[in-house]
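To start, the structure itself, in structure tokens.
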Amino acid sequence: MDSIMQFIIDNIEMLYILVFAVFLGMEVISKVPTVLHTPLMSGANAISGVVVIGAIILIRNADPGNYIILIIGMLGIALATVNVIGGFAVTDRMLQMFKKKKK
Amino acid sequence: MDSIMQFIIDNIEMLYILVFAVFLGMEVISKVPTVLHTPLMSGANAISGVVVIGAIILIRNADPGNYIILIIGMLGIALATVNVIGGFAVTDRMLQMFKKKKK
Amino acid sequence: MKVGIINEKLDNRVAIVPDLVKRLIAEGNEVIAEKGCGASALFSDKVYEESGAVLESRADVLSSAELICSIMPLDKDDYKQLPTEAIVISSYQPYNSLVKTKEAADYKLTVFSMDMIPRITLAQAMDVLSSMASIAGYKAVILAANHLPKYFPMLTTAAGSIPPAKVLVMGAGVAGLQAVATAKRLGSVVQAFDTRTAAKEEVESLGAKFVEVEGATDDKAAGGYAVEQTEEYKQKQRQRIFDEAVKSDVIITTAQLRGKPAPILITKEMVEKMRNGSVIVDIASSTGGNCEITEDEKTVVKHGVTIIGNSELAADVPNHASQLFSKNVHNFIKIFLKDGKAEIDMENEILKSSCITSNGEILFGK
Amino acid sequence: MKVGIINEKLDNRVAIVPDLVKRLIAEGNEVIAEKGCGASALFSDKVYEESGAVLESRADVLSSAELICSIMPLDKDDYKQLPTEAIVISSYQPYNSLVKTKEAADYKLTVFSMDMIPRITLAQAMDVLSSMASIAGYKAVILAANHLPKYFPMLTTAAGSIPPAKVLVMGAGVAGLQAVATAKRLGSVVQAFDTRTAAKEEVESLGAKFVEVEGATDDKAAGGYAVEQTEEYKQKQRQRIFDEAVKSDVIITTAQLRGKPAPILITKEMVEKMRNGSVIVDIASSTGGNCEITEDEKTVVKHGVTIIGNSELAADVPNHASQLFSKNVHNFIKIFLKDGKAEIDMENEILKSSCITSNGEILFGK
Amino acid sequence: MEKELIDFLYLICIILFIVGLKRLSHPDSAKKGNMIAGIGMGLAIVITMFYPMENESNNYAWIFGGLIIGGTIGYIAAKKIKMTKMPEMVSLFNGLGGACSMLIAAVEFYNLPEGTPMMSTQVLTIIFALFVGSIAFTGSIVAWGKLDGFLRDSLVLPAPQIINLGMLIVVLGLSAYIMFLPEMNFTLVLVLLGLSMVYGVTFVTPIGGGDMPVVISLLNSFTGIAAAGAGLIYGNQVMIVGGIIVGAAGTILTVLMCNAMNRSLFNVVIGGFSGSGKSSGSGREEVVKEASHGDTAIQLKYSNRVLIVPGYGLAVAQAQHVCHDLEKALENEGVDVKYAIHPVAGRMPGHMNVLLAEADVPYPKLLELEEANEQMPNTDMVLVIGANDVVNPSAKNDPGSPIYGMPILDVELAGTVIVLKRSMRPGYAGIQNPLFFGEKTKMLFGDAKDSLSKLKTEVGNA
Amino acid sequence: MEKELIDFLYLICIILFIVGLKRLSHPDSAKKGNMIAGIGMGLAIVITMFYPMENESNNYAWIFGGLIIGGTIGYIAAKKIKMTKMPEMVSLFNGLGGACSMLIAAVEFYNLPEGTPMMSTQVLTIIFALFVGSIAFTGSIVAWGKLDGFLRDSLVLPAPQIINLGMLIVVLGLSAYIMFLPEMNFTLVLVLLGLSMVYGVTFVTPIGGGDMPVVISLLNSFTGIAAAGAGLIYGNQVMIVGGIIVGAAGTILTVLMCNAMNRSLFNVVIGGFSGSGKSSGSGREEVVKEASHGDTAIQLKYSNRVLIVPGYGLAVAQAQHVCHDLEKALENEGVDVKYAIHPVAGRMPGHMNVLLAEADVPYPKLLELEEANEQMPNTDMVLVIGANDVVNPSAKNDPGSPIYGMPILDVELAGTVIVLKRSMRPGYAGIQNPLFFGEKTKMLFGDAKDSLSKLKTEVGNA
């Protein structure tokens, strides 16, 4: 417990950032019209694919001979990339219907 | 210039915090109904009296014999406190009219 | 099939309008019309001819037609000229009086009475009771407005304010509802009464107020027709109506009970207590009227109140009334008239109910 | 001051209603009323008595009243019985005919003609032209609806659809606008015509459509009254009206020009081309009518079109019309009647304009 | 590159994420917002290639391999999928993101240097990422299956609440146990991973298909939190902040979705999503689909032709004025709106005429039965407002029906049918209406006046 | 206390600020929000007493002295001030906050240790706080004066744009010069302070009185930024973040206020607030006060009795339905709404009756002239909708007026009068209406239908 308290005190600025990020995440969404729930969920989902960064770091750090890690890492990248690319593309398609029609 | 760049790099987390604070400040307000413009301005004004903290620090740091600084500091505290207390009180009065009437 | 149209002796309407003549001919029939049959409904002989009808004298029409359409029942003179195999489509209202029906039976005619068509969903398009009642409801209000020495709507003017007329509609069936709607349109304050429980919602769905009298016998089972109410209920009702009636400028009554005299809702006493110049339009007059002192087919002024007894108000809007009636008739004919030939299937619910006499036998009530 | 009320020989209205009798008495006057004067407007003698009026015979009223109020001009017989100092308040319509005015002048009476009150803001509360025209506009539509063999509103029913009636209102003054409003209320499709430019906005402010004819001579200067238009304009206008008229089920005409015959807006040819059963209500009939073949004070059917010529339609809503008229009269009387005494200040614009004869001299037109 | 510079660039990515999300929440800017967020992501990936490492073996080939494979699959899947199947797709994608977190956490556990103390923030972080990532992974897969239909709703666990609580206790206990051990036990970690995955399944399984959108949104916020957890392992700002933002946004979105369905968050999280009877039928029975005001409004707004079928309910609700307002609002948006008047709609001849005239609906906007039926195939949407019998297809199809033979408004020929009524109760004829269960039909329950004014507001907002 | 712990507690203060602001932007929670922010501020002050310092001489007596003096003055001023004078008060308060920043910056400059390099972030920060604080200070004082009336609007500078630009260049140049000097020159700093204060004056002076609310909001965001600047001097989180948040919120609020006035931010910042003719008259002439939809809506909503006076304009705009909608929305909020029908309103007898009947306004809601005039004194607000002559007090007061003697609706007896019309054009009688310049009157320009539907929306939102 002490170590966690210490961790917090050591990373007080990080904590500020986290708290603000939580607020921002909430604020940004707070007044979305019902019709956008699904596209927004989809867009947010694509962003959650940011975990791909972790997989990249994992591989870049890995021993080039350690195939298990490399394969798992590549799998991770591939999965997360599906999430990212697929996510943005699907969102884009959903949003097609919001295109203004010419009057 | 270099020193400024260095300053930024040294305080990268501070920068995060600042940027987020700007976003938050903007987000939090973004959809306020017109009727609340004035009370909101007044409330924000009261918060801007947070500069009183600076004046307190100033005095706490000051040489107890340096009366010029002490007086200026006290003046600063007094001014800022008028801003804070007066600000919150005025806002509160403005908001009286939003009290729900019993039907 | 030769379809005959005759001139109504006692009515401004005509059973088949020129538009329908065209359709009948297109469906493979011939149409012969009595000269001048549509005149009072504003359809000239010329238009009939243009539509393809052959214009003849009454006698010729009667003697050669296989299917005779009329609004009011024919009379004995007509029967004599008709071939016995002729089919007659008309409104005999056998519930009110069997005299006409008996006469037709005597001549062994087959008579379909449009008013006897069952009020089922499928038969809505043939329901002359509804279509004529609807017009009557409208006309009743126009008549009342014309007779009332007052304005219907409220009016605030430099020369003072005029309060809106108070209209009370009794019986919120088809005619009653239409009266409610029309009176509301004209800006009066409208209240309506009915014994059916569903009527409240229906009246309110037109934005008018329903005068509630508690304790009504429900009638869901009666298929849309009203049922007789208990004596206690009637008493309560009379009191409530009394209170509202004496405050009203116009009363329109439409309450009818099939096969029974219309219920008395407005007594002589009430009329006496009503304001001078008020107007009562009694659409139920042909079955005795809802107002005690209504005289059928007459407009009288009694105790300062104008009382209009008229159950055939639709005849006063002859042009549109004829159009709707013909459309009803046509929808009815289509049941049995296929390619210009009559195929009468007496198992058909609609035909069975509406055929009041055939082959000398009175089928009504069977 | 003794105020006299007489029974209108040719009208259902009465110039002073019982409510006003009370007020007059409260203001320090006496009121003598001819027996039965309010009957046709549905105010009984009993109510008059309750209000404080003394009921007398016509002769007694005429001979003892200092101020006589009536709706229609008096006639020679009456004048004979009146004391010369008597003041008469009535509607002499001197613009249309000076005969009655001359008669009154012959007897050296002082006559105020309510219709001559200037149409300034201050006099709005005395403006009988407006109050009666407004009623006439309403009644015209009710009459038309009653005569039309059709429905006014649109109706979609199981027996087919009925299109809404087309109503054309010509002249969008007080009567015309009221007609527009009433016809719209009843659900018809309403168009209106007028030569005044402001009329377009006024008609549209009632939700109806304005039929525009370009090139009208503007009349802002004429203080609310219409002015004569150019020949070219009239031609254009006639064509446009022609096109609209033959499509209309109901035409209501209200166009009048002060002191001139009413403009002919509906020619015989148009009437011939109109649909059978259509109705024209011509409110301008007393000055010749806007329809070429109108007969004043008659309802005739010509070329299948019912033409109602009636410039006194307000008399058909006698109860409310009398109320408004009395209110107008009262507001007028108040100008010069202070504590039961007449103080006639001929410098007063309203009195000056409305006094058409005094002391044997005809002041109208001076 | 220096870590601080990278962090500075990451800040830009984060700003792009925020701005992107912000814009995604407004219809007009949503498309751009999506693109902006995408650019942020691209930038973050590129920057990461230059991230300074202790042990820069890089292995770029593996990285690009993964990116290309994943990108291709993702892109094709997104383009090929049918419009109606998109929610499933999102769920699947989300699961993959969770799986990635899970994998990273597992590997990092495995990579922990000998002798790392178990009771440390680092281990806690890893366990957290592992746990949450696993739940997001399997939970999303189950949700996908339910939406897609290959997992049946009827597959019910006995006492799901208790099972879930039990699972949670076991998983948390095991986590604590691992941390209290003197040194790493990778086998136990794999057990934990397995249990977490099972928990994901048991968490979602009891929930009815109708609630899946809410669940997906919740799982999406889990994925975000898992990504943030993974980010903590590396102290990587963009992962941490990006993940947290998605986590927070996802949570709020979940709450908003619950609100839109008139359910509370409590009902959702604790009440174990006990599927509300109406929306979650069991596959074979006839199911009524409920529409939301928001979706209906947007669909209306982006339609070209809309037909309104008024019925007795419009009159009962006295909603004629609001109805006219909605019509005008739509006309303003360039939608062609007409009314289809059935001859016997209402309770008296001309009932609808009276109402609509009162609201000042111009006569040319009213179509008669035949006309309306002709136009039906060219109509994008039909709004049935408090009508029932007059749009009952039994009159056409079912000779046994008491209304058989009555002409009806053939609304099923149009693209979509939205029925506004208060309940499933029948109309005047007292018979059930198969239209309500139709493929193209959605019900918008509630008083017609209420529903219409909500629709009008939403049309204004959207 | 440790600095980190303080920073942690400061985070709580900041959260309280954020939550407070957030709540302040919703009518229902605004009062609570204000309190929350106040609690945050109190907490921050208390915490600061324990802030660890190099040179802890503390001098608590001075601190408490300042707090008590300031607090007392502020509280009394806030309670005593008249409701109508509140904006002035806010402006004055804001100036004081700016002054505090200015003072701190000046002292800290003075305190700079011998030999501090001038070209440093520290000096830059101090100069920034000094500059911005001074502008906020004097600018707010001028704004206060203008609103209060002791500074006249007509006091115009020649070519204000150029003067302002010149001042700005001088101030920035001087700042740069100070930084390029080898060592501190406090005299120059004082000159800079003076010039900044003058700039504050020249910045605000050209702006018309009607735009003052916008200016105050802008200056408020300056104060926030100045506070953040002062915070940077001490590296104090709560000042930095709190100040920035207020700065950002204030900026956005300024933009929103501009939007509400249909002015662009550009027009405001660059265009030098060239006062729009309508709202800034020159004191002695008759001035028309414009109302905003938002304020009118809130006033309506929180009234007890409202009287609507319809006129010909209501008919022209065909706004009867919207008017009825607004009436119902207000009734829903518990407001008692009636209509006052003048006998000659409109263009034909009974014109208003026809309209209101069409919109289904119940008859008992209509009051006649006498009745309405009796109720006037008990009425909080009158909405005059497209009426003119019928509420023209000349008919009562001005014997020379063509309408003298006509009975009118005496709306000036009511609390507030809002007139909805499109322009200042006269009505039927063609004469000007003194009511429009009355003490209690505000004009809401625009088509009546538009204005009413905006009001209705705002009543729903507020």
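Just a few scattered comments:
Each chain carries a letter (A, B, C, D, E and F) given by its place in the written order, and its residues are counted from 1.
Basically, a residue touches a chain if its C-beta (ideal position, glycine included) is under 8 Å from a C-beta of that chain, and two chains touch if they have at least 3 such contacts.
Computed from a prediction, not measured in an experiment: that's the story for all the values here.
Steps from chain A to chain B, minimised over paths through touching chains, total 1.
The chains in contact with chain A as well as with chain D are E, F.
Annotation of chain D and chain E: jointly contacted by C, F, touch as defined at the top. Set side by side, A-E and C-F show the greater C-beta contact count at A-E.
Shared numbers divided by all numbers used gives the overlap of an interface; between chain E and chain F this overlap exceeds half, so the copies present the same residues.
Computed from the mean C-alpha positions, the centre of chain B lies at a distance of 18 Å from the centre of chain F. Centres computed as Cα averages put chain C at a distance of 56 Å from chain E.
Mean C-alpha positions place chain A and chain C at a centre distance of 74 Å. Chain B and chain E have Cα centroids lying 41 Å from one another.
Residue positions of chain A touching 2 or more other chains, listed in rising order: 14, 16-17, 21, 23-24, 27-28, 31. Counting partner chains per residue, chain D has residues 124-125, 130-131, 134, 153, 155, 157-160, 162, 185, 187, 207 touching two or more of them.
Listed for chain E are residues 18, 22, 237, 241, 343-344, 349-350, 354, 357-358, 360, each touching two or more other chains. Of all possible chain pairs, the ones that touch are A-B, A-E, A-F, B-E, B-F, C-D, C-E, C-F, D-E, D-F, E-F. Contacts from chain F toward chain E in the complex involve residues 321, 324-325, 358-360, 457, 460. By the touch criterion stated above, chain A contacts chain F in their complex at residues 8-10, 12, 15-16, 19, 23, 27. Within the complex, the chain A residues that touch chain B are 13-14, 16-17, 20-21, 23-24, 27-28, 31. Only residues 17-18, 20-22, 24-28, 30-31, 33-35, 37-38, 40-41, 44-45, 48-49, 51, 53-59, 62-63, 65-67, 69-71, 73-75, 77-79, 81, 83, 86-87, 89-90, 93-94, 96-97, 99-101, 103-104, 106-108, 110-111, 119-121, 124, 133, 213, 216-217, 220-221, 223-224, 226-227, 230-231, 233-234, 236-253, 256-257, 260, 292-295, 297-298, 302, 304, 334, 458, 461-462 of chain E touch chain A when the two sit together in their complex. Listed in rising order, the residues of chain F touching chain D in the complex are 312, 315-316, 318, 343-344, 346-351, 354-355, 357-358, 389, 395, 402-406, 429.
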